[in-house]
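What follows is a set of structures to go through.
Look at the two complexes coming up: subunit A is in both, with subunit B in one and subunit C in the other.
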Partner chain A sequence: MKVITANFVTCAVKECKTSAQSFPLHFHDAELEMSELDFQPEFIRNVVPRIDWEALRVTANELGFPTLPDVKPEGDALNDEQTLKDLHRLLLETQVMEGKLKCGNCGHEYVIKEGIANFLLPSHLV
Partner chain B sequence: MEYLVRLAQWHQSFRVPELQAVATYLGIDLEIVFYDDFSPYCIVKLPDEAAARALIARSILAKDIFELWGQGTNYEELHADVKKRTPHLWSKYLNVTFGFDVDTYSGKRSQTTKKEIILSFKYLGFQGPIRLKNPEQSWLIMEKYVSQWEVPVNEQEKNPEPQKIYLGRYLAKSDRGAIIKYDLKKRKYISTTSMDAELSLVTANMALAGPGKLFYDPFVGTGSFLVAAAHFGALTMGSDIDPRSFRGKDEERQHKNDIAILRNFHQYETVSKYVDTFGSDLTNTPLRRNHFLDGIVCDPPYGVREGLRVLGARDGKQIDPVVIDGVLNYYRPGYIPPKRPYGFEAMQKDILNFAARALVINGRLVMWMPTALEDVGLPVPMHKNLEVISVSVQSFGNWARQLITYRRLPEGELSDISKGRTVEDDRGVSASELNTFRRKYFNGFQTEEESTPTTTP
Partner chain C sequence: MAELESQADQYEQENVHEVYQHIAQHFSATRYKSWPIVESFLQEIPAGSIGIDVGCGNGKNLLVNRDIFIIGSDRSENLARIAHQHHPHAAVVADILHLPHRDAFFDFAICIAVVHHLSTPSRRVAAIAEILRTVKPGGTVLVYAWALEQKNSRRGWDKGDEQDIMVPWVRKSATEPNKSQTFNRYYHLFQEGELESDIQMAGGDVVRSGYEKDNWWAIATPKIK
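Right, the complex of A and B next:
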């Protein structure tokens, strides 16, 4: 699971959707893998405005990345090549191959295996 | 300026919607001047030649595009039209190497007649040498005859004359070659329900896939729509209630972390366009409630072979978790969560509701929906935040599937949903009770009165 995807998911349990504690989900025992992809600055420019920056800071911190800037880059800052490259590396080139994503509200854990997260809920949580 | 688009003569109801989608994607003003389901020749108005080239470069159901030099119902009319429209252009091509040929639809011409036809245009005055291969410029005379689809062969005249004739200067070919590149026969990972290359590419086109965009398929399966969206440059994510569908079978794995769907992205050299796949059920999605997707493309399960399922216990019974060897059963490897039958209409509603909250403004939902043939033309599902852009139909004899394209409206704009589909799922618990399409399918699409009720589980 890539870091960008972690920013778009929360706990699948309905009761957790309204809780601030359920987002972002927290990585545990994460095994990271970096893979080089074509640099796609236009994608980063488009997608950064849709990112929850506070949550991304939490995730980056949990995965041991250097601290991100306090504020989300906007406007001209999104034309800075280095900024775009750093975000490209974090959002698209960093993926969690093994580990867990845990909800801070209900405590349910979603397993990540071979890069694939499983958000399928057992029936008592549906 | 008018241009002639030569279309593939099938998937008729998809052809104009695709051209319009490509024009929308490119921000080009496109006016359809003439279109007929029975003809491969479509006349359009476009701002300039550059727009014509850009439009065709992304089209799948069009073959190529021509600058229109003239048209008529016979050669007299055609010549008169050419002499009216183009004399100011003739000198431009005075000395180029050039080609001239005749294309017939639903008709035939002998080589001798073709030559005579070509020679009748000698007043254009081109002096350059004729080249069969790679001429600098080429012209095509296109003749449309009455086809067997309009008039049965045995009722047609013996030696018919064309109904309509066009002369066009060739500009460029379309992206139809992609159909061969993405052919399922040559694709590494497919299943029996993979959507064919051509209609997958058309689906991605309708959804305005392009570089910089994020696309999602909530019923991803083997990823036909993702590779198609990636072909146009979009980044893609997918999920499925059955993770084995995209992960592949254990016994077919070639190495550690070998995810079957990724083999396709490697094959097409679009790995940079693959974001993620994950196990999830759209009805219980983990995706956040914010507008982050540019496109949603999907072919939701029809529920015929297996019946529609979502997460949850059948009959609503609570299944209490148990601990096995000190681990909760649902955290153990290989755990498969229970699923319950779900309604066809309920699924459509979930998809529209999801699209309304997940798409960015002007983002598109492009969805396939199976329909009994008798139900084609009935209202499609609607949502107040989504505008229906087009509905195209692919017929399979006694049933059909419709491709419905929606646009997410800006805040403050609402679409009129009073003409929307109002069908409710029947009450019941079994897959057939909940799915009219499934019931009709197993009844061989007879009307419900003439068939005996079925209780197929």
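Right, the complex of A and C next:
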């Protein structure tokens, strides 16, 4: 699971959608793997405006990437090659291979296995 | 078809989800090109847009546009695993009736050849409603479903035929050509106008709709509340 994915998923339980606690989901016991992908600066520049920066900071911190800037790079800052490369590395090249994503509202844990996160709910949560 | 709503989940588990788990690899090898309407819909999405592909299968539609970011999801882990290889996109395992996405966020969504696998009218409407829920006001959702009216296809069904059917998937053995295994998948064939009507009931407005390659398709947007 690419780190960017965590910015666009939340708890699958209906009642959690209205709770601010359900986003972002929280990583536990994450095992990371880096995989080299083509660096497309335009892609990073285009998606950053749609990133919830506060949520990404929480995620990055949980995964041991504490160096994310306090504020989201905008305008000229998005022309800085190093900034884009760092984001490319974090968002696309960093894969969570094993671990759990936990909802801060209901406490349910979604398992990530061999890089694939599974959001199917057990019958008691449906 | 399931008689009761309460049995529908189990019915689809046996007659749709488990079948796809079994046929994932062979199915994927035969699905490699997007349909023209899907392709043009995705190509017209502005760079930097974020969307979802619900029931992404092997992720063939993730290949169309690399300037946007798509989170694909599928009930079959085997298919999600294949879809996951299409960068820069992502794929997860999820249920169309319980998507792990926030309300009113995405710029667009696609759901191609998926809602015809839900076995009751209310579940089909609920599935479309769940996708519409995740799309922002003004965002667009492309939905595609198998048509009842396809008398020129090799299946030959047409108006007036049974809409709830089992369709065989025959997998030939790679090593022994004489051996084959058959898996039956449940389908609900949509009749003319049915997809548009389901979208209305799901709280969507139909922007455009039509027929392509034995399927009905529609582009919907969430109704303004």
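Observations on the structure shown:
Assume the second predicted complex is superposed on the first by the 126 of 126 C-alpha atoms of A that agree within 3 Å, B and C clash if a C-alpha of one lies under 4 Å from a C-alpha of the other, contacts with A are read in each partner's own complex, and residues count from 1 in each chain.
Everything that follows uses one rule, which is that contacts are C-beta pairs under 8 Å (C-beta built on N, C-alpha and C of every residue); 3 or more make two chains touch, one makes a residue touch a chain.
This is a predicted model, so every value here is computed, not measured.
After superposition onto subunit A, the modelled positions of subunit B and subunit C overlap sterically.
Contacts of A:L68 after superposition: neither subunit B nor subunit C is touched.
In the superposition on chain A, A:P122 contacts subunit B only, with no contact to subunit C. In the superposition on chain A, A:M97 makes contact with subunit B only, not with subunit C. Residue contacts after overlaying the shared chain place A:V58 against neither subunit B nor subunit C.
Once the two complexes are laid over each other on the shared chain, residue contacts for A:L87 go to neither subunit B nor subunit C.
By the touch criterion defined above, A:Q40 reaches both subunit B and subunit C. Of the two partner chains, subunit B is the only one touched by A:E109; subunit C is not.
Comparing the listed stretches 165-173, 273-281 or 327-335 of subunit B against subunit C after superposition, the clashing one is 273-281. Put simply, subunit A uses residues 1-2, 4-5, 8-12, 14, 17, 23, 37-38, 40, 42-43, 45-47, 50, 92, 110, 114-121, 126 to touch subunit B in one complex and subunit C in the other.
Those residues of subunit A lying in contact with subunit C across their complex are 1-2, 4-5, 8-14, 17-18, 23, 37-38, 40, 42-43, 45-47, 49-50, 92, 110, 114-121, 126.
The residues of subunit A lying in touch with subunit B in their complex are 1-2, 4-5, 8-12, 14, 17, 23, 37-38, 40, 42-43, 45-47, 50, 52, 92, 95, 97, 109-111, 113-124, 126. Those residues of subunit C that touch subunit A in the shared complex are 9, 47-50, 66-67, 69, 71, 73, 75, 77, 80-81, 84, 87-88, 90-95, 98-103, 105-107. Per the touch definition, subunit B reaches subunit A in the complex via residues 211-214, 235, 237, 239, 241, 243, 247, 256-257, 259, 271-272, 275-281, 284-292, 294, 311-313, 318-321, 329-331, 333, 335, 337-338, 360.
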